[in-house]
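Labels run A, B, C, D, E and F following the written order; every chain starts at residue 1.
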Amino acid sequence: MRQYTPGSRTPGDTIVGMKEPLLEWPAVGVTRSPYRVMSDPEIYAQEQQRIFRGPTWNYLCLEAEIPHPGTFRTAFIGETPVIVTRDKEGGIHAMVNRCAHKGAMLCVDPCGKRDTLVCPYHGWAYDLQGKLRGVPFQHGVAGKGGMPDGFDLTQHNLERVHVQSFYGLIFGTFSTTAEPLQTYLGPAMIDHISRVFHKPIEVLGYHHQVLHNNWKLYMENSRDPYHATILHTFYATFKLNRLTMDGGILVDHDGWHSINYSKGATLREGGGEYESGIRSVVEDVGLADPSLIHRKQEFDDGITVAIQSLFPSCVNQQIYNTLALRNVVPQGPLQCELHWTFFGYRDDTPELREMRLKQSNLIGPAGYVSIDDGVIGEYVQRGIAGTGIDASAVMEMGGHEVASTPGSRATEATLRGFWTGYRALMGL
Amino acid sequence: MRQYTPGSRTPGDTIVGMKEPLLEWPAVGVTRSPYRVMSDPEIYAQEQQRIFRGPTWNYLCLEAEIPHPGTFRTAFIGETPVIVTRDKEGGIHAMVNRCAHKGAMLCVDPCGKRDTLVCPYHGWAYDLQGKLRGVPFQHGVAGKGGMPDGFDLTQHNLERVHVQSFYGLIFGTFSTTAEPLQTYLGPAMIDHISRVFHKPIEVLGYHHQVLHNNWKLYMENSRDPYHATILHTFYATFKLNRLTMDGGILVDHDGWHSINYSKGATLREGGGEYESGIRSVVEDVGLADPSLIHRKQEFDDGITVAIQSLFPSCVNQQIYNTLALRNVVPQGPLQCELHWTFFGYRDDTPELREMRLKQSNLIGPAGYVSIDDGVIGEYVQRGIAGTGIDASAVMEMGGHEVASTPGSRATEATLRGFWTGYRALMGL
Amino acid sequence: MRQYTPGSRTPGDTIVGMKEPLLEWPAVGVTRSPYRVMSDPEIYAQEQQRIFRGPTWNYLCLEAEIPHPGTFRTAFIGETPVIVTRDKEGGIHAMVNRCAHKGAMLCVDPCGKRDTLVCPYHGWAYDLQGKLRGVPFQHGVAGKGGMPDGFDLTQHNLERVHVQSFYGLIFGTFSTTAEPLQTYLGPAMIDHISRVFHKPIEVLGYHHQVLHNNWKLYMENSRDPYHATILHTFYATFKLNRLTMDGGILVDHDGWHSINYSKGATLREGGGEYESGIRSVVEDVGLADPSLIHRKQEFDDGITVAIQSLFPSCVNQQIYNTLALRNVVPQGPLQCELHWTFFGYRDDTPELREMRLKQSNLIGPAGYVSIDDGVIGEYVQRGIAGTGIDASAVMEMGGHEVASTPGSRATEATLRGFWTGYRALMGL
Amino acid sequence: MIDEIVRRQIEDLHTRYIRAIDDDRLEHWPALFTEQCVYKIMTRENYDRGLPLAVMDCRSRGMLEDRVTGLRKINVFEPQRYLHQICGLSIDGIEDGAVRCRSNYLVVRTMAEGAMSIFSAGIYLDRIVLEPSGPRFEERIVIADSRRIDTLLVIPL
Amino acid sequence: MIDEIVRRQIEDLHTRYIRAIDDDRLEHWPALFTEQCVYKIMTRENYDRGLPLAVMDCRSRGMLEDRVTGLRKINVFEPQRYLHQICGLSIDGIEDGAVRCRSNYLVVRTMAEGAMSIFSAGIYLDRIVLEPSGPRFEERIVIADSRRIDTLLVIPL
Amino acid sequence: MIDEIVRRQIEDLHTRYIRAIDDDRLEHWPALFTEQCVYKIMTRENYDRGLPLAVMDCRSRGMLEDRVTGLRKINVFEPQRYLHQICGLSIDGIEDGAVRCRSNYLVVRTMAEGAMSIFSAGIYLDRIVLEPSGPRFEERIVIADSRRIDTLLVIPL
């Protein structure tokens, strides 16, 4: 069931001889999204062009991952492989991981340290800014062959990705017309990033999880307050997260981005549906070792769970004392890979570090909370197979608007916001 | 070699910006079928729309598999996942296995018992008729959020599949304009179904077999009298089935459906090609344990082998005392899955039951007779790779007509009948 | 990551409703090739039609592999399965490995001996020239059924492939308008073939290697003098091959074909970049058992390494005393399979035979030299994923022309020649 | 408590079993069973639901021999080989003269042109009798985890 | 030099371990560990880079029991089974009363509808204590070669 | 009749062999062979047809060492690991001082970014000499069921 080929259609496919329109969006707007956007290869190819190569800012990696001059890390923007480097002067650069000569991938290792980037195929050598510095046999051998006169190295640099770093998070864009990063994020998103990244962090490890669903199904899931306390039985059963706590959702940039937060200490017993026997609360179940969910209140705003979802494909999560960034890499219309970067603070006490690691059982591919998200997108992908042409998802919870509701999470405004951004970029 | 993605193209793909015509059918008609229909993704997507979602009746399951109120079984119509239920009053219903909210598959288990169908994602609850009965947090929490006024549950039921049950076989259609089931089947098909299902049956087990060929190659095979005694050496060698027995073929509904039967007791020694050294008769081979092919004459019409093939994708087989339904589930242009339901009668004696089970060595993925069919469709699929644009299969055995020939099985009329139905629905 | 289906699109797809143009070739011509040609399914399908079914001569097998009457071997022309036979009179024939009845593959075994080719499905029997000789039940049974009057066996032969054998190499074409083989090859190619195949050869074994890249990336690699001494560190480090040896490249038929050769005994110490620390020369490394690279000078022209690349998909290699043919079988835009046929001469001394086998450690999927080529094409395929629409490879080494340069290998003329042929056939 | 000698004998029987199949010496396979033997391949789906249908259902050594005949002379299928991995043999007791044991198996199937796949994985449930001539299978029930068979099954598991 | 009896005991512990998981009798799985045990699943990527994050990180038998509770009552996932292959057990020494050993494992996962895949392959690094009642795992570190988890991991490896 | 001590020694040699490879300690791999050894990887296709071509063809310990040099310093390939499963060891006799034995192997290859695949499956045909310092391989012929190699083969099987 791993079936489509990343890269088998370049965006060009859809420019030359492109079918217009790719689809008709339902007239009611963002309270509906047609299921076809989750499976159509043509639409998928367009997303690569219009979203990932378009005026979006894409999370690449953390500055903490390339701390020293010469260190690099590879990443993806959509399907495009990218290298992020720190140069001798400490400057940060990003470029496509594709040799300017005949296209070979330059860096296979996920990270490392290099003085120059040398292509294995014919040895073209680039500096850490992606500038071509050397071409073997440029002048031939014994005066024969080599590059023609007027061959200009400066015309053969690596394709550049524009980068901006914010609180140690490095974002990149292919677009020269993208808004500045902070404008793209908006004030509420900026506040939340600064809240989490206000002091030096330390990476504690990675997870890589293959999901058999369209990348957008995961991004919807990440910003969906509605499913959190129903699908995730662990949340509701052990009262880590319920809609009957204080909490809310914040959106920014017309809803392209969102935050969904709750405050564990404010749980109101009763109320909501939790006592009315929905499956999300399991009776007569306890933890043999409850130390798993002992938590330390790290932030004075009282927020114990906060999921920030940045358009198009980045998630910044706090669940109790677990802190992680999640990045979704599309791998065809029916698959994506979720990259988790789990971190703490450099000044964590040993006890707090241990607490984070013990709580890591809550998240990741085997997390009590996130296990369910590993399959639910696949359930949707399989559920929508063979749908009729007009079938669409319904998102009316909380009305038809896209707006922050600091007092309520019984809403799908965050999803309507995602589709607002999607439609704007895709011209749908 | 498992390469295409079921569901990666919704029928919609081919409506918006559809290429017309998909192909030119050979002018001579149904004595030819172009190989392209066996591999083209565009045509495959059209089949989902025009055949499986069109005015056809698709076998879903047996009433015996959902005997009690609340029992359900999942199935497929083409690529579309379906749930078949029996409600509290004993009524039978079918609906798409896709939540009306955001499309999650509702039932993952192949069968079971439920009071209501509850979606794992956000807990929308449906009754056994597919009607939406509950939406968690419909009215929000503490007066905030929830569904907007005027949100109408009755507008969000599961997509309905129309069902009709006939002698315990449950068929479904998406089409509101399909003929009644019995008209669709026709008198000859009805007679044969009643012959086999005249008394209560009992399911003895299932087989699931992945075939690396287009679903139509299997359906052609199932109704092809020509291959039976040549490819299936076991038939001819051990005289279970030869064209030199009394037998014939019956077609119905312009040949959309067919039956191919023979009477083992009527074998004429000599005649036909069997003595002229075709490979289908192996010399000097015997069975160390001949009890395998001892049979009991169950039906007074003397028929010992009968294969009924119902358009588009169901087969009802009797081979000696083995009784089984076979249903083909398309999984992309190059793969399908064959689901076998092996059964006997509830009033079978222990001896007869044992005989059926011993004879089960004749059928299924490891059956002496059916092993050959497991690969022959793949041989065709590989044989037609890279064919020129006009390459077509040839079906002239028995002439150019589509008609029953009660006295003869040296014909491909049943195949011409299949393509008659295919062309009518596909507009080719 | 093995994702596309060979055969899932027949060339017909691209004729009916074909998008024109498939792409715009860069105006500068063959010093550029757009990356899209390496991944677009539409272009891939066109190649099957215009190149492999077009006026090209495709290597099929060696006469030595079908030495006796009745022996056969299977092969591929592009995706199309082919059978090559030697008939009773010793004549050589080739035909598509697809039954003329309903398309089943006739020969599954890679080689063997047969009097007739009998289809497993319905027993149609063909002679070794592909002529239909027998149709079971052609006249029905007891006067009923069978083929209609006027059914003409001669109209149902296997699809013919035109063959020409040259020095024991058998080539085939589908085209009736192709030039004669020797005109297609040209004088320089003919000389080199006669050089290697001047006396009876003996096959010593096969390798089959799956490459996760477009077939053209391998063909480019095979004729690329530039990468040889840089990617292949073994060459440069142990001085088997350097650009500072005498050597050159020869092209023929507008550069469709090429030879890249060097003379090991002529190495000039110093010069070139090898001493300037490019990665292709590893310091302080030796062989614990140098007998691996002891060689015997077999050819009096002093050539020790010669790679001949014949358009579209055949390579004839001599590396020291290893002799092999390589043939690339496309398996979708993103995969191909490389078939190696390793041989010596029938009159080899036991010592020379042993030397060839010991040197076989240099080539094949585990060869010190060729290991690198196993992955480099995949690195390119991954590097070009998600490229912008205009991204192209650059081939300016040695200027912009396509011409032989007997004195120099610091050139990409051979690659420009490949694209000259490609554009001519593809109409790009 | 079965001693180590018996355990080794049973391990050797298992090794001879996978050799006969993996080396395509299937003619030696029936002799590893008693005359009145049972050999069944069942899917976990049918087995767990108490449904009697088997993929292969042999109730005598003769039926095993007939399976070899079918494979050699009767059926059409693509040339293929198996490669077994087995582990976790446990000897679970004696039952009217036969040793009950079980183990895990994994079969990798390789087609002539080179395609490899996990063809089947599951357990062997055995009853083995210790005859003077050595141990033989009185009963081997193969329970395959997957309900799916890819293409066809013609070589025993 | 550990003698063969101990080796056999440890092999039996390994067999009971894979039985408990492959037979879906996970309730018997925690008892194979000591009260104060460590059970971790780590990817080779994190392990080799000295990063402490684990995929599953249990530091008491209670946490193992909670994993079974989660699987039985809490989490949503597609029905699936594992089939283990293990080999290459080596006993590498004694360390404050515990036997250090390791082995290779391979887990084939089969989904309800029949899809099989290599879900995980890697090594077990164990510390086993020989209690009067038999051997138990004091520590089992599972190191998976692949950094990828397909879909989710809910059944222990 | 080879006794159990020898069998255990040979099993340990096999275990050291897969450790050296699976742990990427290939520098320890040549020492498991005698000075004058043969190590060949052949495909079943060539082997059965009597064709002498091997995928890897080493005729001395030096050539094994050179293979490690090539892998460490010379060749370009994507970072990858192997995980072996072996089973079914049989000791088939003594031949001029060497023990002939064979076993089944399965190698799962895992790439740096996480892709796992069945890379090779087949048998080991060995000649093992029992030196005072312990047993060593005098000859190991690896016969791979599949004629196909995916991408390349640089780590020995």
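Note that in this section a contact is a pair of C-beta atoms (placed from the backbone, for glycine too) under 8 Å apart; a residue touches a chain by one contact, two chains touch by 3 or more.
Computed from a predicted structure; not experimentally measured.
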Set of chains whose contacts include both subunit D and subunit C: B, F
Of all other chains, the one whose Cα centre sits farthest from subunit C: E
Contact-pair overlap exceeding half with C-D, pair selected from B-D, A-E or B-E: B-E
Whole-Å separation of chain centres (CA-atom averages), subunit C against subunit F: 32
Rounded Å distance, subunit C centre to subunit E centre (Cα mean): 48
Gap in Å, rounded to a whole number, between the CA centres of subunit B and subunit A: 43
Two or more partner chains touched - positions in subunit B: 1, 3-4, 108, 120, 208, 210, 231, 332, 372, 376
Set of subunit F residues in contact with two or more other chains: 76, 78, 85, 87, 106, 112-115, 118, 147-148
Chains grouped in pairs wherever the two touch, ordered by label: A-B, A-C, A-E, A-F, B-C, B-D, B-E, C-D, C-F, D-E, D-F, E-F
Residue numbers on subunit E that touch subunit D, as the complex places them: 8, 12, 14-15, 18-19, 22, 81, 83-87, 106, 108, 110, 112-118
Partner subunit A, residues of subunit C touching it in the complex: 1, 3-4, 19-24, 34-36, 39-42, 220, 226-227, 230-231, 243-244, 271-273, 278-280, 332-334, 372, 376, 379-391, 393-400, 405, 407-411
Residue ranges of subunit D in contact with subunit B within the complex: 41, 43, 45-46, 51-63, 65-66, 69-70, 73-78, 115, 147-154
Residue ranges of subunit E touching subunit F (in the complex, touch as defined): 4, 44, 85, 87-90, 104, 106, 118, 121-123, 145-148
Contact set on subunit C toward subunit B in their complex: 2-13, 15-17, 48-49, 52-53, 77-81, 96-106, 108, 118, 120-123, 136-137, 140-142, 144-148, 151, 156, 159, 174, 332
